[in-house]
Structures are given as structure tokens and as C-alpha cells.
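Okay, so chain A shows up in both of these, paired with chain B first and chain C after.
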Partner chain A sequence: MIKHFPQPFLLLLLSLLIVTSSCKNKAASDQPRKIAVVVSTLNNPWFVFLAQKASAKAKELGYEAKIFDSQNNTALETEHFENAIASGYSAILFNPTDAEGSVANVMRAKAAKVPVFCMDREVNTTDGATSQILSDSYSGCVAIGRYFVEKLNKQGKYVELLGLVSDNNTWNRSKGFHSLVDNYPGLKMVAQQSADFDRNKAMEVLESILQANPDIDAVFCGNDAMAMGAYQALVAAGKAGHVKVFGFDGAEDAVDAIKNGKVEATAMQFPQVMAETAAQYADEYFKGKREFPKKMPVAVELVTQNNVGDYIAYGKKDEGK
Partner chain B sequence: MEAIIKLNSQNSIKKYTRSLARFQSLIALFILCFVLSILSDKFLTIDNAWNVMRQISVNICIATGMTLVVLTAGIDLSVGSVLALSGAITAGLLRNGLEFPSANLYVGFTILGAVLAGLLIGALLGVFNGWTITRFKVPPFVATLAVLTIARGLTMLWTKGFPISGLGESFSFIGTGWFLGIPVPVWISGIIVLMAVLLTRKTRFGRYIYAIGGNENASRLSGINIDKIKIAVYTIAGGLAAIGGIIVTSRLDSAQPNAGITYELDAIAAVVIGGTSLSGGKGSIMGTVLGAIIIGVLNNGLVLLNVSPFWQQVVKGFVILLAVIIDKANSKNQ
Partner chain C sequence: MQKKVIKYALSIVALIVVAYNSIYFKSLDEVKAASAVKQFDAASYAHHFFNKKLMPGIDKAVEIDALLKLVQSDPSKAFLSYSHALGIGNIRYFLVKGEGTIKAIGENTTTISYISDTTQKQLEIATEFVYGNAIRDASGLININEFNSTMDFNNVSAEINKIVRSEVLPSFKANGKVGDRIKFSGAIELNQAHLNLDHIEVVPITLKLESK
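What follows is the complex of A and B.
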């Protein structure tokens, strides 16, 4: 009998047995509550850091935590939500893939009475998430823009390297920057190109731009990886030190580069603060608290060569461990 | 006698159309360069030419391996991830060495050692590709798709998701240095192309590659050890992807965990634009080099002209499509 049983089917049955039996174990009442950390991508160190800090804080507070990677794919995110809800997670610490597209997922969790706490990026609904702890990209880039204008003395040619053109953050940052810089007619943008938030792409794109515009004064990049790639291109072209580079994020490489005078400035986001606040809120929610700020903006701070000593990668020196 | 003459003239016509097919991508390249040099006075400069050559050297490394694989009627989707893993292994060993806390042992690596380790990893993944394809008859598309995911995952595990940076001046020579007035990456890719051309044109191994792609069953019946050849080809592709990974890492002075994403598509595009048939048996390394140059020139030109990033993708897609359509029309004529 068994001999005639199709082998893949047998395997499937076996794995189902294992899965269901393990589910039963978890359902026992004295197990700690489980928290899902659903993050837009793990293909970028910034989000890896965010996810790890959220998960670590949840574990520190005595919960089980698991990280789900949506791979920048809202459909995959939906699956993660469905799985998390079905397998009895009590809260979701959430970094959405898309402000509009992720709304349905948040509503799905709400319908199942699973609280959602958004980190860094927002979803465009006011009654979906229990609380949204958000990085203020726009005003961060306004601050960068202000420093940019000051550093260039309101005069010069510059290049902007955009992130992924399909990403909300790309345009939030770009708009924030231009809302200030465009008021100065002396500052002329000679090229605006996408480098996909990618270091290698940024280097190659800027290398080509430098061929057409060898006399630029500055480069503004939508994230630090691109700023580092841009710097590398400037080194190769012998223009490092003559062209000012500006980034965004507060990544380790960029903080070091600012210390060494290679990069002018970046905007420090605080992923650890956002991640830990979200985990803290989930803990308070379990203990009965229901009143949370709907939106809690976490300020983005300007890091320059003057104050870089106060900062480390992804945060301030005195913050946390 | 007449029959022989007829046969001869038919042969020469065939030869003529075939050489025309090879020239067509060259003609396309000339047209492209001509148009770009009219639109931008910065395009046709020696500086920019080196710039383009340096930028495409990584794609040429990968695409050369891809050509060999495609000639056997296979495909290798894993090259981008293999590139990332090899680069990360090299960078990690160079920066941190290997620690075995249990044995209280620390192994440091020289540049040569770290580079060789990266190459070894790339080649091993290639062997693994070849092994699953030949031993378990997994279609190459599926087998290498699996390795694409596996190698990316291993890269994440090795780097913990963070870039490995600060690799030192002497290591960066590989990606940014000059030797006898030519950028080092161009030397590397040039030597690889030269070796691959000799391999495909002058060796028995090369003829077997074409034979397998042309007709696998006939090759098997004529006594070619198909499995061995295929494993060798995927190993070469893995090793070349690793070389690409080391160049990228050195150029950036940093191994990025997300390096090389969609590089397999650029490589396949170069192979296809270069006139190599995806069904195997037909094509050449030099065609692929031309394909890679066309893509590189296009990328460079669109940025020089400050074309919007949205339009760039549309244009690139159409160029690939056009190349394949012309190729199809040509192979029908033959």
C-alpha cells in the first residue's frame, strides 16, 4: 500500500503532520505571547537594523518574536499578515512596503483584533494601525537642504541621485530637499538620475554624469549607500574634496566618512528608537493600555562635521547600549 | 561537378549571411555611438571610453560565462547572487579573517588568499549547479533559480545583512587601478574574453560545448561525456561571476549584501543582443562582448543626456527586443 503511495504526497502529509503538531504545542496557554516583526525588506542594512532592534526589544520584554521579510512586495506582505494572524501572533510591529498598498493588510489585522504598530514608514489611514512611529524624512531633507545652501554659499551646480523611483521615501526626500533648495536661483541642478539606493549603481551613474558635467560643486543623494558610491566615483575622477557629498540615513560608513571629511552631511534617522518604541507600545497594549498617539513623528537630525562626534551608526552615542 | 559548384556557392552564401549576422550588432553599435556623439560632445572622449569599458567589465566577466552556459542550451540565473557571495566572502576574510573560538584559533588572510577563497566559493556553487542539473535532471532554469536564492541567503548570513567596508588601498587596486595605461578591470575582462575565445574556437572542449547545444542526443551517442562538460561549464560560469564579485567589491571598497541583484538579466541581455541563440549551439563570445558594449554605451549615453530614469528602462527594453527580433529574422533566412 505504502509502496504505491506517491512520494511527494507522502512528504507533504508528513510535513503537515509536523507543522500541525508543532502548532498545537504553541497554542498551549502558558506559552509567552508571540510578536511578528514584518519588515519591508532585509536587503538593506537600515531595515535589517530596524527589524533586529524591534525583535530584540520584544524578546527582552519577555515575548517570542519572529521577523518576516516582505522583500519589497506588498503581495508577500499580505501573506505574512495572513500567516501571522492565522498562527496566533498577538501583535505586529510593522514596516510597510507601501503607504497605500499596505492599508488593506493593516485593516485585515484590525479585523482580527491584532494590534499593528507602524515603524518608520506610514500607512495612509488614520484608524488602521494602533500607533504609527514615523521617521520624518521630509523635514529631515529640508534640514539637509538648508545646510546644503549654506555650504554652497547659494551658488553652484549640483547633481541629485534619487533612490528607487517606485519608492515613496525617494520622493519624500527629494521633495523635502527641493522645497528649500529651489528657492535659490543660483543653485542649478544639472542632472537628476536614479541610482536605486545602490552603492555600485550610484558610482557608475555619477561617473557618467561627471563626463557630461565635470564642473559640479555638490551631489545630493537620497541615501548613504549612494553617497558612498558617489564619493567613490569622485575619488576615481580625482575630484574628491572639490565636490561636496550629502547623504541621508546615518549609516555606519557615512558617519565614518563625515568624521574623515569625505562626506559633508547626512540626516540621522533613529531606527533603534522607533523599533524599541513600537515593541514598548505592544507590551503596554497587552497590559491593557489602549490610548496611544496615532502618529508619533521621530525627528531626523542633521549630522555634519561639526557635531558628528555625538553620533554613531543609526543613532546617538549615549542612546541605548 | 555542377553539383559541387552549387554546393560551394550555397556554402559561401551561408557564410556571407552568417558574417553579416555578426556584423549587425557591430553596425548597431556604430549607429548608437554616432547618434550619441552628435547629441553629446562629451560622449566621444577617451576618458568616457575608459569609463564605459571599466563599467562593463563586470558584465563582460559574467556574460562570458553565461555565453558558454547558453551555448549548451542552459541558463544560469544564479550569477548575481554568486557574485554577491564571493565578494562578501573575500571582503569578510580580508577584513576579519576567520575565528574559531572553540579551538582558540584565528586565521588571517592575505589579499591573494581572500581572493582565491572567493573564487573557490564561486566555482563550488557552479559545481553544485552543474551537479543538480546533470545528476537529478533538474532543468537549468529551476536549478540555478534555487541557487540564486540559496546564495543570496548565504550572503545575508555571512554579512548579517550589513556591508563589509574599508578593505584597504592595495585591494582597491583590482577595481580602480591602472596598468600600462589601461584600467585593471579592463585587463581582467580582456584576458577572460581572450581565453574564452580560444576555448570555444580552438579546443575540443569548445567544440563539445557547441555540439551539446546543437543536439544533445547526437552528442551523447557520439560518445561525448555530456555531464562532465556541463558541470565544467557551470563551474566556469560560477568562477567568472566570482571574479566579477571581487571587481565590484574592490571598486566600491565595500561588499554590499544586495550587490548583483538582476545582474543575471544584464548578462543574458548581452548574450542575446550578441546573437547567441537561447536554444543553444549557436553564438560567439565576441558577439556577447559587443552586446555588453551596446548595453554599456546605452546606459552611459542615457545618463550623459540626462534622460529621465523612467524612460531609460523603456528604451533599454526596446533595444533588447529589437536585437532579438533581428536575430530571429536572420536565423530564418539561414
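What follows is the complex of A and C.
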């Protein structure tokens, strides 16, 4: 068939093909790379802040960024990953829904050669994500544990409210706290129950625990939402002020509650640092860097009534970055 | 008929070969020992780090008085030159050494006084709460990429602190008296965004008493 075409016509056709193809490539390279920010939920202001800061930093670095809300649903998270990969996103800044359940999504992106940078929550694999930037929850709770022991004078009964049992942060916090507190036999844990990081559930769980243990001295909570719920339960039982409440996160209402003497302490996390580091790492990846720490802990700071003036919610103070 | 027998015999032999190669037995102890080998041994790592890496270079720690003066006059330079941390954030650690006189012995700390220029200053040596990452991070000798899991490097801190609590503190707590001269090395934690130099607490690595 080809041999019937005149040779000059074939050459012209070939040249046109090369020109149009190079034009198309040029157009594609002119487009900024796209970064997907896939976040576990946008129902919690803490994660909204995390997602917005990641997106803002990606845009500041010259990329297009879009936020995807997984609504705490790994199936929806899978859809977001598939869409991001199919739509040509070059990197995913990822706040996983489930340490175990999100592994498959990270591996899917890796297979498609799309780097994933985890923020705040980890996935249970070391070779999936390019890097995982995580709050040092364990060390933060060692610091809370020390303050707890000091405030209780090494004696007393206490309750621990755990977060979601499927989340690694729940156990990192609990283990950090117990690594110190369990060395003091005078401190007796009378109940340890999950309240799923939820304020209302924490209130209900503590109300129920107080029925059987009305003489507790303290409550250690795996996040600030539960600390606030616990405080409400103590108010309802007429025990606010007598029972010391400890949280974790650095949420706005907890910081205010520390200022007002309702909560003893929290551990301030820095979502902006985690979000911006993830976007920065993606930028460095695009520029050719391939060696990243598999897990990068971000220091968590103890906030008490002595230093609460240095902090505002989510550690947003400029000097706190 | 003979063909059928041969066919069945071959099938049975094949089945036996497949079955034999599909199943194998190992003692439970062997399996447990093999998986234990793969697990990170934080206690061994901590002992090796403490004795072979940290102690040989401990004399190179910065003099605490000089460090605190630099932190006051030029904090950026002090943090850049002397601080370390495995992660990112405001909290940084310094490897320090110094000497002074025991001024008071408390439940959780021992107060040391020392002369800086002509002024008497004080710091605390932690004798109760030896926890956290100060010693692990202060030397800057540990690389985070050595660890696959966050719990591994948390456990390294816990084991290093255990060495101090069991090997360094007991004789100091038993023998130290108010008025004794003391040489110490250790780690301090400072928050570079919210500097507080009013209360300096040294997590000890070595404590050497020189009685009156």
C-alpha cells in the first residue's frame, strides 16, 4: 500500500506528524504538575486545616492542587486514588483513613509511579509511601505522662479514654503515656475504654465509668475532643475541678480550656508543619531527589497552664512553625 | 488392563511426590527463633550506642555555661552549631558537660550550683524522670533512616533511659550529699521557638562525685 504513495507526500506526512506531536508535548509540559491532597475526613476542623495547608503550599510551589475528602471510607479513598492516577496527578499528599486498609491504595499509586507522602497518620507498610511525616505521638505522650505523674503526686486512680482502636496514633499515644506512668505503682488505672476520638462518645463512656468509679482523680484522653467530652461528663457529675483532665492535639477548645483551668494539659501537634513538609518533599521529588526518610517524626509540644500563652490552636503561631 | 495399572501407579506416585513436597514440618522453637532474629532488638542497639558511640565522645560535649551564654546572645548560632533532633520541629537537644556543687537534693531532681563569670547559677540534674528522647537525639549520632518503624526508635529511647536509670543514677542517689563537687555530662532539651532558660534540666549520662 505504502509503495503506491509518492515519496514527497510520505515525507510531508511524516514531518507534519513530528511537528504536531512536539507541539502536543510542549503544551503538556507547559501545564503545571498536579498534586492530589487526599484527606481522611473534612468533617473535623483539624483535618480541614491539614488539607488546606497542604494544598496552599503545593500551589505556592507552583503546582495545581485539589483536595479529595475520603469521608473516613476506604472505598471512597480507593476511588480518589484511582481518579488521581487516571487523571495524571503527579503526587499524592495523603492523610490515610486506616493504617491497614489504606495500604492497598498506597501500593496502587506506587505501581503507577505516583509518589505518596503521608501526613499525620501512617500506613502499615514501609515500602509503599515515599515518606510518612507524622506527629511524634509517643514522645508527646511521654511528656504528658511526666506532667500527669507530677500533678497527681505519683498517687491516684485514673481512667484512660482511647481513640479509634484501628488507628496507630491511638496506640502510640497510649504506649508513650504508659511507658512512664506504669513505673508508678501508686497510680492505678481503674478503666481503659475506647471513645473513638469522639466528644459525645467520650462523655457517655465516662458517665458510665463514673457510676462504678466515682472516686477517680484524673482522666487521660487520646485526643482533645474526648478530653472536652470527659470534662462535660465531670461537670454533669459535679466533679469538674476535682478530677484532672489531660488531652492531646492542641485543638482550639482545649487550648481555651487550659487557659480557663478546665483542662490540665494537651500535646500540641503542628499540622501546618506536616502539610508543608509533605508538599516540599513532593517538590523535591519532582526535581529528582529520591532519598527521603521513610518516617519523619514532627515534635509535639506539651502545653500546660504554665506555657499556654505561647500557643494557639494547631500551633498556628508563626513562631511555632 | 496392564496399561491402566501403570497409569494408576504413576498417578499415585505423582500424588505422593506432590503431597510430600507440599507439606513440611518445623519445630515451633525454630520458627520462633527465626522471627525473633528479624525483630529489631532495641536493648542491644541501645547498649551498643551508649557504650561504643556515645561514651567515647562524651568529652567533646559543649560546656553548658558556654552554651547557655551563646543561646542568650545568638540563639540561631547556638542551635545551628550544637543542637540535634531526629525529627523536625521546635524541640532540639544538646549534649552538654559541666561541673558544680550539689546545693539541694529533691525528690525528682538534684540542684547544682556553679559559678558563671562571677555570678552563681543553678541547674537541675534529673534523678527521677529520665524519659524522652534527649539522650538518643542530643549526640546527633543516630540516623533516622536506620529505622523502619517509629516504635523502633521510640524503644531505643526507652532502652537508653533504662541504662541511665539502672546504671548511672543508683550510686549517685545513694552517695551524693549536699556540698559534694560533681562533674556531669548529659543532654538538655530546648524549644527554639519558646526559649526558657530559667529552668535547665540535664538528663544525665555520666555523674562523677568528688566528696568534700
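Structural remarks
Keep in mind that, in the parts below, the second predicted complex is superposed on the first by the 288 of 321 C-alpha atoms of A that agree within 3 Å, B and C clash if a C-alpha of one lies under 4 Å from a C-alpha of the other, contacts with A are read in each partner's own complex, and residues count from 1 in each chain.
Throughout what follows, a contact is a pair of C-beta atoms (placed from the backbone, for glycine too) under 8 Å apart; a residue touches a chain by one contact, two chains touch by 3 or more.
Here the structure is a predicted model, which is why all the values come from computation and not from measurement.
In the three-chain model built by superposing on chain A, chain B and chain C fit together without any clash. Contact with chain B, but none with chain C, is seen for A:232 once the two complexes are overlaid on the shared chain. By the touch criterion defined above, A:169 lies against neither chain B nor chain C after alignment on the C-alpha atoms of chain A. Contacts of A:191 after superposition: chain B is touched, whereas chain C is not reached. In the superposed model, A:126 lies in contact with chain C only, and not with chain B. Applying the stated contact rule after C-alpha superposition, one finds that A:43 touches chain B and leaves chain C untouched.
In the overlay built on the shared chain, the residue A:273 is in contact with chain C alone; chain B does not reach it.
Legend: residue contacts after superposition of the two complexes on their common chain; A:199 is shown touching chain B, with no touch to chain C. Nowhere in the superposition do the C-alpha atoms of chain B and chain C come closer than 25 Å. Taken together, the two structures place no residue of chain A in contact with chain B in one case and with chain C in the other. The touching residues of chain C, when paired with chain A in their complex, are 85-91, 108, 129, 131-133, 144-145, 147-151, 153-154, 157-158, 191, 193-194, 196.
On the chain A side of its complex with chain C, the touching residues are 122, 126, 134, 136, 138-139, 142-143, 145-146, 149-150, 172, 175-176, 179-180, 270, 273, 277, 293-301, 307, 310, 317, 319-321.
The touching residues of chain A, counted against chain B in their complex, run 42-45, 48-49, 162, 165, 190-194, 198-200, 203-205, 207-209, 211-212, 225, 228-229, 232, 235-236, 252-253, 256.
Only residues 40, 42-43, 45, 47-48, 51, 55, 156, 160-163, 165-166, 176, 248, 251-254, 256-259, 261, 299-300, 303-306, 309-310 of chain B touch chain A when the two sit together in their complex.
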